[in-house]
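Questions regarding the structure given below will be posed in turn.
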């Protein structure tokens, strides 16, 4: 409740209300909202909107049980241009399918949505941290969890600790998998372009979308 | 007896009884039992049950002399989802066959049982430490114990200490061997699927199985 | 205003005028102007003039929205032989096209203009920091931003942090891309040689060109 | 005489006798004898007996001048399962043949005897330090002493100190040589299996064999 | 003037004359002259003379504007066997041709003159620092200045800082270029052998040659 | 004179005579003579004699100007088995031929003489420091002095300092050169076997040979 109290104090409200608690919750996850947003160009806002809409759309499409609780295009003081929150189910193990879906969610917003909406030449640097996450996940899939039949069951952390050489087939495979998943993601986005645009447009209008607002878009 | 005394004290029993001693014995091996288990989903409990049942089944099948003294799906405070204890015979040397069997036991639970029961897409991250152990064992088999005719008798610890390059054939061989052993393990599990399911079901019901309970399943 | 005050003081002027503010602005960006310029040979001045004219020309030609606010052939005390300032639009993301254009701007002055005007044997060491910048940008394009279809979406920073080997295809691709962009740049310069010469001649006459003077050259 | 005095004191003997001196001599070489040997299984004792008999037999067969002064299957407190002592002639230089013979002696017990007597699947981890020694010796033969015509006269210590790359042919050659020597060793053991068994049986009966007892076996 | 004063003092001259100033000038550049030169054999003096004559000759032949201000075969206390001073024009940039010429000047004395005069078997270790300089220059030409069309525009300093692998084509190219330049140098020396011999003979007679003495040799 | 005085004092001689000075001279070069030589076997003495005779013979045969001032088979306290001193001419430069000859001198004693006299299987570890020296010299010939036409003029010290990869052709070439020189050396030894034996026999008889004694053997 501490963060809520601080936010209430800053807003010069005497009582902590639901809005304060809500903002405190997201503040912990993604940082404070950036106050001065006048300098952000329409172009930048559109890029962010389609980027985050892409994450949200793929999250909903790859697994019906995924919950997207909030999407926002308000830049945070932590340096994020916006965010799309999908809360994973609390469980002890991740399946191969869970990891594959998460890779696709990461690839979709950062790059696939940009490519579809703005064209191949206008893909942006906004995807770089998404690509880092996707690369980390695909390396874990192949090298730590032994989940790829071509690469096999060897654990590469042990191999690297033994100072043994690793041939480049691991990276070649990671490259191929990311490319394949990217194509899957593009396909999902193209098939659901109508939703991608609706989420992005809603975001450009309202800056924030809550879970029920997002879910309504898919039902409509 | 010290650990038993502490456990008795915590249970507010005046006397140390057999249950206390038994729990103290396993506590040293795998850690204390996690008390609050309400948050664990049925799905997670099933994964753990088949995972541990797989370890136990392969342990019994690869070598008749192996004793599985306890199987449990109670998560420990040490972070384990469950455990299957097979006490090896106290001896000075391990044979090549011992090491091969241990690799198969490691591969079986963590991955092979999951694949057979839940399908290839639903293999989980729960196998990662098993794969680390299997990788370490296969590297020792090849590189420290010179037990593979294809790789030969060279000791790779010496080679690595001499800063000499090692070609990638060692890793290729390790990869191949793990894949072959994995196929063997899958075969054993498929042939004995009835036992795998019986152990898992018993575990889901009772959470713990003692040696005589496990042995009864195979006789029945 | 502090830098302007210092410059006014040094010029023994009582009041800070526009000239003082203007010089303070560029001083922060590129350093103080070198006072003693008698020792600079005509040959060196010509190389600098065509070098900077090349940067300015390509900046204007690759993107109509680029603003070149100043070009100068006065060496700075920071060690630069001259400079061409193109202020990029203030925006959150760089597109693939932005990065490609910046690589071409870097390649053009430093090398392409020299080759066209002075011949292949007389290209100079003046381009070395331009080539560093171009190499850094092409590596980011390929390895951090995943913007090249041939190289794919893998993030090489993650790969390098994982101590995994990288084959040389990344560098081969970077080499090829730089060569292609260089050819594009040469083509633009050849087509617009008349402007290249006009900017260079104006620079040799006046040492400095302001935005409106540069823009006039293209209109004329 | 100091060690003998300590051993005499521990045995509560007033005088230092020959038995004390003899035990002190071997204690310095291989460590104190492990007192409690009840826990050692017959299987482990047999493995040790054939292992050490293999070392002793090859030592006598590769060079008639080799003296095997003691063979033992009593584990030492230094962690050895047993030992076979062959005292080399005191000389300034080792010949190529000396090194080859020592490699064969190392390979024989640790692995070749096990393979012949217990079968390929039952070779044990007991050979690991023998394989380390054999690998070190073959690397010295090739890389430090330039004794292999195929590898040539280059000194690899110098090459490695110069940070120059070494191709993998050195290791390939080491691998091949160890395999060839192993085959030679197997052949010697097979031809002399009767002696191998006699030494092992004598060891299982007496735990220790002195030089004259070993020599008698070969004469008989 | 400080160095001249010290030199005058050491010579026990009351006044600083032109000879003192001249010696002070070269002392700063190449170090003090070695006083005791009796131990130097005629053979060593001849090697030095042709070595330095080679540097001087190539310097004059590759570019008419090069000024060779002094050649000497007096060993310096800084460890040089002699020196040939060619003062480069004071300019901001070096062209590709400048660097090529400097590589040829470095290769010529140290190795090419020796080969022509004394034969291939009698080339000496005197060229080692010249070869270091030539190797550094060719690496800069290829890797820092992007001046070779085959290697392209990539900056290798950036590549190496990124921990990316570099294939061996860079070194192959450097090797080829040095060999080609060496052949060019040999050709120039063979065509001008008469001047090479005249400079060397003059050096053996006088130990030092001034700019006008060197220029006279070419005119004669 | 200090060392001579110490040696005289140790010998309990009142005056320093020629013998003292002579021993002091060699002591500085190769260390003190080992006093107790009874434990050295005839076999070891023969190996040393032919080893040092080989060095001396090749030194005289590759270059008539080489002076072998002393050969000895008395082990020094510095750990040498013996020595053969050939004082090189005092000169500023070493020619390619000088270095080749020194490599051959190093290869000859340590290995070639052993092979010819004792057979290929009886080559000894006594050659290891000779092979180190020969490897260092051939690497300098190729990589520092650019004296091999196949490897070319590149300076490998610069290449290694630049963190550039070196392909393995340098080592292949070094290997080939050492093998070729070894064959040359064997040939010289075979042609002059009579002298090799005479020097070795004289050494076995007298332990030390002075320059005039060595020279007499060749004249006889």
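Should a chain be cited, it is by its letter among A, B, C, D, E and F, assigned in written order, with residues numbered from 1 in that chain.
Heads up, the rule we're going with is that contacts are C-beta pairs under 8 Å (C-beta built on N, C-alpha and C of every residue); 3 or more make two chains touch, one makes a residue touch a chain.
On a predicted model such as this, the values are computed, not experimentally measured, just so you know.
> Name, by label, each chain that touches both members of the pair chain B and chain E.
In this structure, no chain contacts chain E and also chain B.
> If you walk touching chains, what's the least steps from chain A to chain E?
2
> Which chain maximises the distance between its CA centroid and that of chain A?
F
> If you list every residue number at the chain E and chain F contact, are more than half found on both copies (same) or fewer than half (different)?
Mostly different residues: under half of the interface numbers shared.
> So, comparing C-alpha centroids, which chain is the farthest one from chain E?
Most remote chain from chain E, centroid-wise, comes out as B.
> Could you grab the centroid distance between chain A and chain F? Build each centroid from C-alpha atoms only and quote it in angstrom.
Spacing between the chain centres: roughly 72 Å.
> Just give me the whole-number Å value for how far the CA centre of chain C lies from that of chain F.
Chain C and chain F have C-alpha centres separated by 62 Å.
> If you average the CA atoms of chain A and of chain C, how many Å lie between those two points?
36
> Note the residues in chain B that touch 2 or more other chains, in rising order.
Correct list: 165-167.
> Can you tell me, using the touch rule above, whether these chains form a line, ring, star, complete graph or other shape?
ring
> Starting from chain A and heading to chain B first, what is the chain order around the ring?
Ring order, starting at chain A and heading to chain B first: A, B, D, F, E, C.
> Any idea which chain F residues touch chain D in the complex?
Touch residues, chain F against chain D: 39-41, 43-44, 47-48, 75, 81, 107, 111, 118, 120-128, 131-132, 134-136, 139, 160, 165-168, 170-172, 174-175, 178-179, 182.
> Okay, in this complex, where on chain A does chain B touch?
Going by the criterion above, the answer is residues 90-97, 99, 144-147, 152-155, 157-159, 162-167.
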